[in-house]
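Accompanying notes for the structure given below.
Chain naming follows the written order as A, B, C and D, and within any one chain the residues start at number 1.
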Amino acid sequence: MMNSSFWAMGGYARYVWPCFAFACVVLAWNLWSARRFRVAAQLRARRAAEMAMAGVGES
Amino acid sequence: MWTWFYKLASPPYVYGVAAVLAPWLLGAAALAMGYGLIAGLAIAPPDYQQGQAFRMIYVHVPSALLSLTVYTVMAAASAVALIWRIKVGHAVSAASAPIGASFTILALVTGSLWGRPMWGTYWAWDPRLTSELILLFLYVGVMSLRLAFEEPSRGDRAAALLAIVGVVNVPIVHFSVVWWNSLHQGATIVKLGAPSMPGSMLWPLLSMWLGFMLFFAAVLCIRLQGEVLNRERQSTWVREAVKS
Amino acid sequence: MNVGAWEAMFLIVRRELCLSFRRPDQLLQPLVFFLIVTTLFPLGLSLQLSLLRDMAPGVLWVAALLSSLLSLDALFKSDADDGTLEQLALSGQGLTLIVVAKTFAHWLVTGVALILVSPVVGTALGIPGSAFATMMLSLSLGTLTLSWLGAIGAGLTVGLRRGNVLLSLIVLPLAMPLLIFGAGATDRAISGVSPTGALYFLAALCVFTCTLAPFAATTALRITLE
Amino acid sequence: MNTAADGLGVEKVHVWRGDRHVLKGVSLALRPRQLLHVSGPNGTGKTTLLRVVCGLLRPEQGLVSWLGQSIMGVRTEYQAALAYASHEPALKADLTALENLRFAVGLKRRVTVSELRASLDQTGVAACADLPARVLSAGQRRRVAMARVLAMSATLWLLDEPFTNLDAAGTDLLRNLLQSHVEGGGLALVVAHHDLKLDCSVHRLELTA
């Protein structure tokens, strides 16, 4: 089924495949940056919790 | 019904719900987009006018729709936060801004790629793409205003107001760009529009759109957890939630 | 014995005008900037008036937008820096009235000056005399609307150190419909077509912004005054 | 709920500045003919408390009431009845002292130039009425700011460290003004580091870190 005419996209392959590739890049970036943001927030919260636990004065 | 809505205002509840929902939404998004991609690329017949190039609408149209929907969600969350002083609203608004901006960029790039075969250039000031570009400026405005303040709570409220002012202006901008385009361009150049579509073409588009919506909801849930944690770092429930 | 709203507004406008005319150099700067920007375009493009005429409305309007933006940053900043903004806010007249009066005074000082200078600049760019009336009318509506959009932007960025660039980044996207209808009206007046369509849209934008922006600007100021 | 029905009431006000918990449940009640002296080390929220009381800053929790009503409801009437002197004298450098007063007080009540000159004279700066504020010394500016508070004839005075930059004569003058204001049925909330040595009824509020 995956014959060459499918990849050629009727001559528009130069535009169709980069279009879908960029879409995957944007979706992947969204997921990755969201996860990284959450992990960073959890780290910061954990550090704040330890600081509070250790009685280091929050002013 | 009100208890459900009231519970949504409490950060620990929202944090819990977001953590539970995220994987399910992601799975559903993958399913919807999977079907949409396969059907859109392989099964749907080529358009009689644009040939295979029309398949790009399966990415351009959903992302363009999403860029507007996400801005509206951001403005609504900001309005809720500003009027009823629910801090979670600011977290939702801050979380959805970068997602909306990324969809707007995606819509711009796919739009210019899709327009290239028709216009011969990658940018021909098509009314829809121009409105999309201005929408991107609005997104950047809201995000940079939020970061410009040292105090997060003040930055939230300022960005919330700008989001509301922006959402009021989106239809005005779109209408005036369409008027401007008809004034100078006339109808000579074919505008970027989805062709009228039979079922076999339409279903993949609807499922891609659904996939993008679910994907937005999933990423929003993930980002929202980070935003809620950042804003509630001092409260006690955060210490329990983070310790485990 | 309480001071009426109109009386208070009149007093604030007098205060702003008195303050502006105490520093005439700051009054002229946006105007000179407007002239400089409009001289840039012929240097960059060409000196034939025929070619310039097609660009003239756009050039004139972009220059007007940028020079108004330049002066908007100082709308609340000078008062916020020396603490008088708080005194105004606590004057018992309500912040909205203060914002309306200050923004109107700012438009009187900057917008009206632009409108009066625009025929000179228009001739330099090849705009025929017949189009002056429409140009000045559209500019007056446009600068008033921009002053109000700028009031929201200035209210949001008054507390920030380098708020000027951010102010432009916030206000310009909102001012694009203004530019479209304003330049459109002038352009049609030049080519002899009746510009009423575009002028009606511009007037509608102006009324819409002038009625809603005061409340947005007040909320913005209240956020930064905290 | 001890909201002073005829004066100023502050009920368990909490304010956060970013992560810092600046005001931790502050409560106070002030009735006519009373003065509240707020003191405490730097950074304990004295100015924040004043900004909350005058309605500029909305506290996250807690209530500020004037004549028994929350100030958020009657914000403009309440602000018309108060005079706030911030930490800096808040004068426009390009305007003369008289003009500064005219534009500031003129918004609150109709006032004639002679009244303004009289209040300037009362605080001993009648001579520089027509000088631009730019050329005045810090002490003179503080006196012009005091003249403004006087000219507003407000019932509630909210003064943030009004004694800074004042010389001995100025301090005595201010003390007498406070005294006569409070004995004349007014209310005053004064932030100051040193003792006021007034013989009218002075309440103390010590803000701790």
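Keep in mind that, in the parts below, contacts are C-beta pairs under 8 Å (C-beta built on N, C-alpha and C of every residue); 3 or more make two chains touch, one makes a residue touch a chain.
In this text the structure is predicted, and so the values were computed from the model without any measurement.
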{"item": "Length of the shortest touching-chain route, chain A through to chain C", "value": "2"}
{"item": "Chain pair, A-B or B-C, that carries the greater number of C-beta contacts", "value": "A-B"}
{"item": "Approximate Å spacing (C-alpha centroids) for the pair chain A, chain B", "value": "15"}
{"item": "Intercentroid distance (Cα basis), chain C paired with chain B, Å", "value": "32"}
{"item": "Distance from chain D to chain A - Cα centre to Cα centre, in angstrom", "value": "53"}
{"item": "Chain centre separation in whole Å, for chain D relative to chain B (CA means)", "value": "49"}
{"item": "Chain A, residues touching no fewer than two other chains", "value": "58"}
{"item": "Sequence positions of chain D contacting 2 or more other chains", "value": "19, 21"}
{"item": "Chain B, residues touching no fewer than two other chains", "value": "233-234"}
{"item": "Chain A - residues contacting chain B, complex", "value": "1, 6, 9-12, 15-16, 18-20, 22-23, 26-27, 29-31, 33-35, 37-38, 40-42, 44-46, 48-49, 52-53, 58"}
{"item": "Contact set on chain B toward chain D in their complex", "value": "150-153, 233-234"}
{"item": "Chain C-facing residues of chain B, complex", "value": "82, 134, 137-138, 140-141, 144-145, 148-149, 154, 157-158, 161-162, 164-166, 168-169, 172-173, 175-177, 179-180, 183"}
{"item": "Residues of chain C defined as touching chain B within the complex", "value": "152, 156-157, 159-160, 163, 166, 169-170, 172-174, 176-177, 180-181, 184, 201, 205, 208, 212, 216, 219-220, 223-224, 226"}
{"item": "Touch list for chain D against partner chain C, complex", "value": "51, 54-58, 75-77, 79-82, 84, 86, 88-95, 99, 103-104, 106-110"}
